[in-house]
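Letters A, B, C and D mark the chains in the order given here, with residues in each chain numbered from 1 onward.
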Amino acid sequence: MTIESFDADGVLDGDDLTIAYVGGGSRQWAPNLIRDLALSEFDGHVRLYDTNEESAQLNAEFGNWVQQDDDATADWSYEAVGSLETALAGADVVILSTQYDPTETFVHDLSIPREYGIYGAVSATIGPGGIFRAMRTIPVYRRFAAAVREHCPDAWVFNYTNPVHFVTRALYDEYPDINALGLCHEVLGTRWHLAMLAREELGMDAERADVDVNVKGINHFTWIDEARCKGVDLWPLLEELKDGERGNQRFTWEDLADESVFTDNWQVTWELFRRFGVLPAAGDRHIVEYATSFIQGGQETLNRWGVKRTGADYRAKHWTPAESDQTTDVEAWLEGEKEFELEPSGEEFLDILGGLTGDGPYVTNVNLPNTGQISDIEQGPVVETNAVVRAGQVKPVAAGGFPRPVRSLIQGHVDTIETIIEAARDGDVDRAFEGFSIDSQVQTLTPDESRDLFGELVAAEVDYLADWHLEESDVLAGAETYPGA
Amino acid sequence: MTIESFDADGVLDGDDLTIAYVGGGSRQWAPNLIRDLALSEFDGHVRLYDTNEESAQLNAEFGNWVQQDDDATADWSYEAVGSLETALAGADVVILSTQYDPTETFVHDLSIPREYGIYGAVSATIGPGGIFRAMRTIPVYRRFAAAVREHCPDAWVFNYTNPVHFVTRALYDEYPDINALGLCHEVLGTRWHLAMLAREELGMDAERADVDVNVKGINHFTWIDEARCKGVDLWPLLEELKDGERGNQRFTWEDLADESVFTDNWQVTWELFRRFGVLPAAGDRHIVEYATSFIQGGQETLNRWGVKRTGADYRAKHWTPAESDQTTDVEAWLEGEKEFELEPSGEEFLDILGGLTGDGPYVTNVNLPNTGQISDIEQGPVVETNAVVRAGQVKPVAAGGFPRPVRSLIQGHVDTIETIIEAARDGDVDRAFEGFSIDSQVQTLTPDESRDLFGELVAAEVDYLADWHLEESDVLAGAETYPGA
Amino acid sequence: MTIESFDADGVLDGDDLTIAYVGGGSRQWAPNLIRDLALSEFDGHVRLYDTNEESAQLNAEFGNWVQQDDDATADWSYEAVGSLETALAGADVVILSTQYDPTETFVHDLSIPREYGIYGAVSATIGPGGIFRAMRTIPVYRRFAAAVREHCPDAWVFNYTNPVHFVTRALYDEYPDINALGLCHEVLGTRWHLAMLAREELGMDAERADVDVNVKGINHFTWIDEARCKGVDLWPLLEELKDGERGNQRFTWEDLADESVFTDNWQVTWELFRRFGVLPAAGDRHIVEYATSFIQGGQETLNRWGVKRTGADYRAKHWTPAESDQTTDVEAWLEGEKEFELEPSGEEFLDILGGLTGDGPYVTNVNLPNTGQISDIEQGPVVETNAVVRAGQVKPVAAGGFPRPVRSLIQGHVDTIETIIEAARDGDVDRAFEGFSIDSQVQTLTPDESRDLFGELVAAEVDYLADWHLEESDVLAGAETYPGA
Amino acid sequence: MTIESFDADGVLDGDDLTIAYVGGGSRQWAPNLIRDLALSEFDGHVRLYDTNEESAQLNAEFGNWVQQDDDATADWSYEAVGSLETALAGADVVILSTQYDPTETFVHDLSIPREYGIYGAVSATIGPGGIFRAMRTIPVYRRFAAAVREHCPDAWVFNYTNPVHFVTRALYDEYPDINALGLCHEVLGTRWHLAMLAREELGMDAERADVDVNVKGINHFTWIDEARCKGVDLWPLLEELKDGERGNQRFTWEDLADESVFTDNWQVTWELFRRFGVLPAAGDRHIVEYATSFIQGGQETLNRWGVKRTGADYRAKHWTPAESDQTTDVEAWLEGEKEFELEPSGEEFLDILGGLTGDGPYVTNVNLPNTGQISDIEQGPVVETNAVVRAGQVKPVAAGGFPRPVRSLIQGHVDTIETIIEAARDGDVDRAFEGFSIDSQVQTLTPDESRDLFGELVAAEVDYLADWHLEESDVLAGAETYPGA
């Protein structure tokens, strides 16, 4: 018996990695990855796959171009491939970061609920818009998971696609043995914010990486009950700040006029910390969609708490999968119109890859099915906690439970998510409506309104709901907004 | 060793019962009990205790007067007693049916939330009004439980006081070994309604007692997933009716103009049955306070579903603890102004007493701490299911669990109830606010509004919240509606 | 819509019952049933099916003969049928009470383990003999369940076959919607014994039916933590007796020489009550197979505690499925050689049938999958508690949990049972060995001995283990006792 | 607000550590620690406390002497202190490694059960000997925990004392907020063994630190279901070896004659791996006390599986708390009779300390109360899994659950441990006997024997059981072996 016979199951050889990038035409994240890989300690090959082949082709070209940079320390080659199967075949690592459906659907997610008085701030992960985004996306990702099972069953799969909890859960629901991680920047942002507080309030020399937290919850509704900066307990500071000026700011529309929608003023965070004693760990604009009292009263309430709503107009114009300000300009770089500097992006992907290839334990927050890491949520649903990444394995860290009221809010959303996931197994749209109807945003509507909103969203996005059996639905039959009802 | 040495623990001797009636000045339920006892197979003595001594005295007089009726088959004597301790000393059975605080507080429960746009239909068991009723009542009932522990630890305690789940839970929280049952008429009403359907739709000869159901939930938010009339499965009938005319009526204010608030049009019931596949088993006017989409849009929505809101005016005028139409007139009977006929009231109390004294198993719905009778709710909270009553014991019947969306709604309310119960242990009003703030009615308010509503309710009812440490509250300090805030 | 359309699902019409009796050639229980039916309030038809057709034919003849008795109050007809399918077709009630395999296998269950030093007293429900009985029986009963699903899916199925927990679990594992009850006499015997104590020690006038208990556990390892006779709490009496002469008897082989193996001296019961504070509720000879310290030291230990071992010789001679002394003699009655009197048998079957047809609630102990009736055992395994029988439904009574050490012993056996049930799904004999090896009787053997015992039992009973994949077994391959190993 | 105000809660400053060493007179582990500290990156002060003051004094002298070694990189001072309070006052780190009771008690743990036929191999952690060791030790460690709460509530407490699960649980039972870790070498030994297999069988260049495992269980009965060496999955190798020569060795007394009792031949490990599919991860001599079929048949069975029993004679002569071969000789070094070389000991303590002071995540196995890290064992009991150590925090890694039969064996021992812990709260010796009597070693005795063994152990060790209420025991009153019974 030799070692060669054993290298199948999830072992990563950092000198010869094959990465399949589904959604590889990305204008933002792909260029970041390309730069990080060029500066990394790993070598390998990247297959870019996208329904927009041209974009994938452009990124491949860019990737190979970057390799010629003098500062590149690693050896990588890039190609755009024409099929999912080709991309996945034998891949070591799979990156999933794509939404098939066009921008207009995301606009619907925001604008149609608003007509019913629901002022979701982002509508990307929960609430009527988030649920419909999930209903459109789950079937696609079930197919991705099935393809991974067939073409690269042991690959490490990184899912960056929203709604991360729905999507990661769908991957595991289709292929329970998948090695998939759901990844998200929000907790990193909270750690960055805590480091900033340690600098500003305690005079510490602190970066994000110096802040360790005990994080738990579901994606975009995560909570922290321990935070240390270089071992220093930050809790007393947080307790003090929540009652002071920093923790009690009010904002108006005018105050926020020039702010980006991504600016996080933390006032929702402080209020929930005051109320429940544990600290939310995602951007306020996401938190409000789960703690829905903050979106009652519409835009004014949001603004009072320092949150600026993602306008549907904004989204129509600026939509990118990551919804972030675009800072890359591949064409300009290639054409030489803009100076290119090979610098790290700050993304965490390479750190995780390092952990998996044996660079020593790496700890960060990931989304994984609950196997006990959260003690008072059932096993199965995808939750977000820290995990420790080591050679060939990722294990969640046992993070404990919640104060009852917080657990109650989380459990309500878990119930929606699980109901939608079950409904998606056989496209049962009335079952999906059950999950929709218990969403805390939807519960602010009358029964008739909730059915009509559901019908209107289905009608608007019907082209992207082909996996759902719409024709058999009693709910749609009773919705005044649904054609033919 | 002789049998005499053993008769202490919860054994009821039907020939020599001592009943302590706390709230014995009741104008409605006490006369009913007196008539039922006179017609029963049991003999004994009743001690009536009430803060309104005069009423208790009147009822005692009436009780002894009824005994002289020729139709009386049993031998009972009555006395009004001046203290709780005297009432309880060595009692076999304790009836708890009293609210200390005056009518105005119940008016506040309805009217103050309405100012914030919350149109509770009854506000007696959940929602901001129900929660405040609980906050006023829990400390009183903890003291009752402590008195039972001291003066009659093995007595069977029948609690009829709303909110039944909060109150019964408080009894057990104070004295875990108490033999207490929380009792309520709503499920009986559902069985009555089902018998009516069997008569009208199937031509069966059916009474309430012919209908067996498998019931589960929390008081006023109970659900049925099996119903038989004389063994005949009623489910296919219910499935048919929900899609027909009977299950799809719409009402307007005018339609309901002449109806009593107690009329149950079952349209909320049918709608929830359509949506979730299990049948609510309480009056629609109670159900809407838990399934709060039905109270969005105010009175109009309620009316559309056939529910008439209990007006605060109505309540101010007609309030009785049981909130029911008064049909007794003790004084007129005693004066001979009204003819008295000794007839049974239809109350179930005597049936349960019969079961406890060994008349054979009796099955009915009761509220008890969950020890597994509901399989997917945690152990501890007071839930409502069937129970089997036998000589000296009451055991809940294992009723199984719920479809996930229904369980989710129930669990949310359980979380509010448990949080309030915990908060009441040491009068922590900010902890109570945590439970208040996750209530599904309250979640339709903005964070500022929910704090202000809380403050306003405390301010209005401060005289009856003496067990709560209001002065230490950060929440009240921040409420604009709370004097001194 | 009419009532006729609804009578399908589990409704029993007491005037027209069809009973399928699988194992209807029984010499003991069938004649009892026939007499009870003749004296009952029900009318109907019984189909007797048995692999021994002649016996079934004889019982049919006897059944029709009994109907001519002057004392017969009911109208029943009997026929012997030649196939399981014919027996089940459209049946309302199914009785399962048969073991296919011949007496010799039951002899092996006792005698082979004894060679390894395991002195099982009965070896009918657990321990190596009980496990092998289960392994032979489970596949047969899975087929029965499948046949019920096909031919009479709503029938009420009464399983009397040992090992009751394994067998009833197998029925539900095959057909989860089956209306099956596992029934057993042991708890009735305990109630009888308690009534006797109430008579003898308290001078009460008491019969078995006067004793109510709260019973819980698994079949033949059930426990009581409440016992009342006509409402009188028997616990103080039991506490007193356990420390007195009655509770502290020692026996020798000679003392037991003339006793039947069925005599229950209760010394194991008293000892376990002393140790754990809860009272075993099955015959001592069954309890010792679960609380295996009582069978260490062989026959002498058993005898010291008043238990007489079922001899393999005895079993070879006297075997009947119920293992009880035969008191019926159908042939002699039919021939007129023995006088026949139509008297009730004391069996409980008719009481349960009465409950199911609507005679009012009936409460007794039954074996059902745990849905919460036992609070500290997982859901799924078949447990034994009280249940309430009403028209068309049987619901277990929530019986609570156990002191930890008792739960620990029970859980160990549940783990064996569940492992065997899982193994039986695809005949995985090595998986079955895992369950076998953690049995507390088997754990007293060395690893080699336990494998050899397993192999020897398989070898001896190979003809009745056709559903198990013996050829693929590593365990058997390593057993010195298994031919070809 | 400044950083200084925050450094209270569990923050370790590696430049100024105060370590309290309870049991600091140790002849083996203390010298190891002293050498490791001298070679470390940390500075600080060590207080040595021991009931044997002379030993502590000697170690202090040695510690200060070592600091003068040229190779010493760190700055440490040592003192022997006369009281626990002095040792603990304000300590940052507490090491608990002491048994108060003398050698003779450990001899009893082995020799008395042997008289009853129980051949425990070590009798240090479970079985009658281990349970009595726990009963003697728990009260002492409850007092240690209380002292930590009073004198250094935020200190990190390292418990090395056996039985590690009982003792660590007792620390948390007394002081739930204690920062205590139970530590043990056994899993490290398994990782070392796996590295050896990787070297010998796969030709890899592998050390213990290269092997990552997913470990779970209770101390000395831990299991592995994932093992990688530098990312290479070792499972296929283990599967192959278990069926080959290496996995199927037999030993005799003669084969083992010259072996140390600490030699681990892994034959128990292979056999359990074959049977259950998961790999035990502790020395075989410990595993057999939990998987007790391996000690049936006495010494011969143990030897056949390659285990040499710790002789009572051996223990009487060689006893040290760690039971390991002594390799240090402080006096000889100090006297210059033996050459001293300052070399690292290979202990893991410094690595954990490094993690706590912020050297980056460190992952190793620790014993902690279950908060979900094991998914199918209840929360509360102390379990052993990996944990990730970071600046100021230790969090267990979610390790999942077990195949049912393995969980069953573990749960049985957890039930014993929890019962003893509960019994120790108020010294209820009959309650302790309940836990004793369900131990799988004790279950091989008859009820009389188990009581007599219990009585004999109490009698022999009565001087060290002062916290138990022996006089009130019914069990002891009934034991023939207990004086005065």
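Note that a contact is a pair of C-beta atoms (placed from the backbone, for glycine too) under 8 Å apart; a residue touches a chain by one contact, two chains touch by 3 or more.
For reference, the UniProt names are A, B, C, D = Alpha-galactosidase.
Please read all numbers here as calculations on a predicted model, not as lab measurements.
Among the remaining chains, C is positioned farthest from chain A (Alpha-galactosidase), on the basis of C-alpha centroids. Centre-to-centre spacing of chain A (Alpha-galactosidase) and chain D (Alpha-galactosidase) amounts to 43 Å, using the average Cα coordinate of each chain. Averaged C-alpha coordinates put the centre of chain B (Alpha-galactosidase) at 55 Å from the centre of chain D (Alpha-galactosidase). Among the residues of chain A (Alpha-galactosidase), none is found touching two or more other chains. By the definition given earlier, chain contacts exist for A-B, A-D, B-C, C-D. Those residues of chain D (Alpha-galactosidase) lying in contact with chain C (Alpha-galactosidase) across their complex are 271, 274-276, 292-294, 296-297, 301, 304-305, 403-405, 407-409, 411-412, 415-416, 418-419, 422, 433-435, 437-438, 440, 442-450, 474. Remark: chain C (Alpha-galactosidase) residues 1-3, 5-12, 201-204, 212, 214, 226, 228, 230-237, 240, 356-358, 360-363, 371-375, 379, 386, 388, 390-393, 395-401 touch chain B (Alpha-galactosidase) in the complex.
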